[in-house]
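A, B, C, D, E and F label the chains in the order they appear, each numbered from 1.
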Amino acid sequence: MPFINIKIAGELSRDQKKQIVEEITDTMGRVANKPKQYVIVNFDETPEENWGWGGALLDGNG
Amino acid sequence: MPFINIKIAGELSRDQKKQIVEEITDTMGRVANKPKQYVIVNFDETPEENWGWGGALLDGNG
Amino acid sequence: MPFINIKIAGELSRDQKKQIVEEITDTMGRVANKPKQYVIVNFDETPEENWGWGGALLDGNG
Amino acid sequence: MPFINIKIAGELSRDQKKQIVEEITDTMGRVANKPKQYVIVNFDETPEENWGWGGALLDGNG
Amino acid sequence: MPFINIKIAGELSRDQKKQIVEEITDTMGRVANKPKQYVIVNFDETPEENWGWGGALLDGNG
Amino acid sequence: MPFINIKIAGELSRDQKKQIVEEITDTMGRVANKPKQYVIVNFDETPEENWGWGGALLDGNG
């Protein structure tokens, strides 16, 4: 706690996840005054076909 | 925003996702007065084994 | 199941919620072949101050 | 309704899911006075690489 | 981690929340082999008007 | 998309939310290569009584 869930279209590399976790944990610790050991981040990676935006699927195939 | 997350047991075809996105976006635009370009839909497809209902798993194998 | 969570900035009237539930349930039943009695919809209404888009808060006060 | 979402690092066996669903449904029925047939449980299993805790990824590879 | 989110129509007393947290933490520790100190539970209480089931709002006013 | 949901015990000030949105949007743009205009952040603030950690409620009243 806090618990941060990141839903993203497509996939991230392990290095991207590692850096995002480091930066968001730093942000939550510094700005929200939450001890870093209590900051939890979770990634949900789903294919672009599973996203709609403005009425169309994100995968862009019509 | 609005953000609509749909959790479903099993999988949908791309055509089903496309039509659901079109219809829900239309509903949110027309009923909730939200511009269509701001309506986001995200599907989470998980196996029936990952659902419990009334105390039993949905996959029905005892 | 399916479970549909709608996160929205601001509030909806009861009539808007009622119509959205009717239309989304109809969509899920007709397009995804899910029995209507199993379609669940849940609204999360949060103030515009609790939304960020493109790096700024939605409430538009700088 | 109630709807219980369980996010977990790694995977559970079907037997573990079955027992967790039974026990949580019993808890919600007995403590929260909700009819068991309305208790829904959903599992999200994601790899340890998709979890950050205290600023580091859970998979422990530096 | 694990992270358990409980969405419920209406409100629970503090005693109900306390007992549910105790029991679910016990279940996750015993059945899923997760150390109890890593089990997090979060309650989302929303009014019955914010729930649709089978195409109608849960608050039952037509 | 990406969609970032932040669940937090207690409340944040508007200034804290503003800065968190700015920093997380910057992180997602720079590290995940997502255009900033597509980064959405949503805060769920719930009372400490609604959080369990390690089997006890976060509000610490026994």
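Following the convention adopted for this analysis, a contact is a pair of C-beta atoms (placed from the backbone, for glycine too) under 8 Å apart; a residue touches a chain by one contact, two chains touch by 3 or more.
The structure presented is a predicted model; accordingly, all values stated were derived computationally and were not measured.
Chains making contact with subunit B as well as with subunit C: D, F. Of the two chain pairs shown, C-F and B-F, the one joined by more C-beta contacts is C-F.
Between the Cα centres of subunit A and subunit D there is a gap of 20 Å.
Once the centre of each chain is set as its mean CA position, subunit A and subunit E turn out to be 23 Å apart.
Touching of two or more other chains is recorded for residues 1, 3, 5, 7, 20, 24, 40, 42, 44, 51, 53 of subunit B.
Judged by the touch criterion defined above, the protein chains form a pattern that is neither an open path, a ring nor a star, and not fully connected either. Applying the touch criterion to all chain pairs gives A-B, A-D, A-E, A-F, B-C, B-D, B-F, C-D, C-E, C-F, D-E, E-F.
Considering their complex, residues 7, 44, 46, 49-57, 59, 61 of subunit A touch subunit B.
Touching subunit D in their complex are the following residues of subunit E: 1-9, 12, 16, 19-20, 23-24, 27-28, 31-32, 34, 51, 53, 58.
Those residues of subunit A that touch subunit E in the complex are listed here as 1, 3, 40, 42. On subunit E, the positions that touch subunit F within their shared complex are 5, 14, 17-18, 20-22, 24-26, 36-45.
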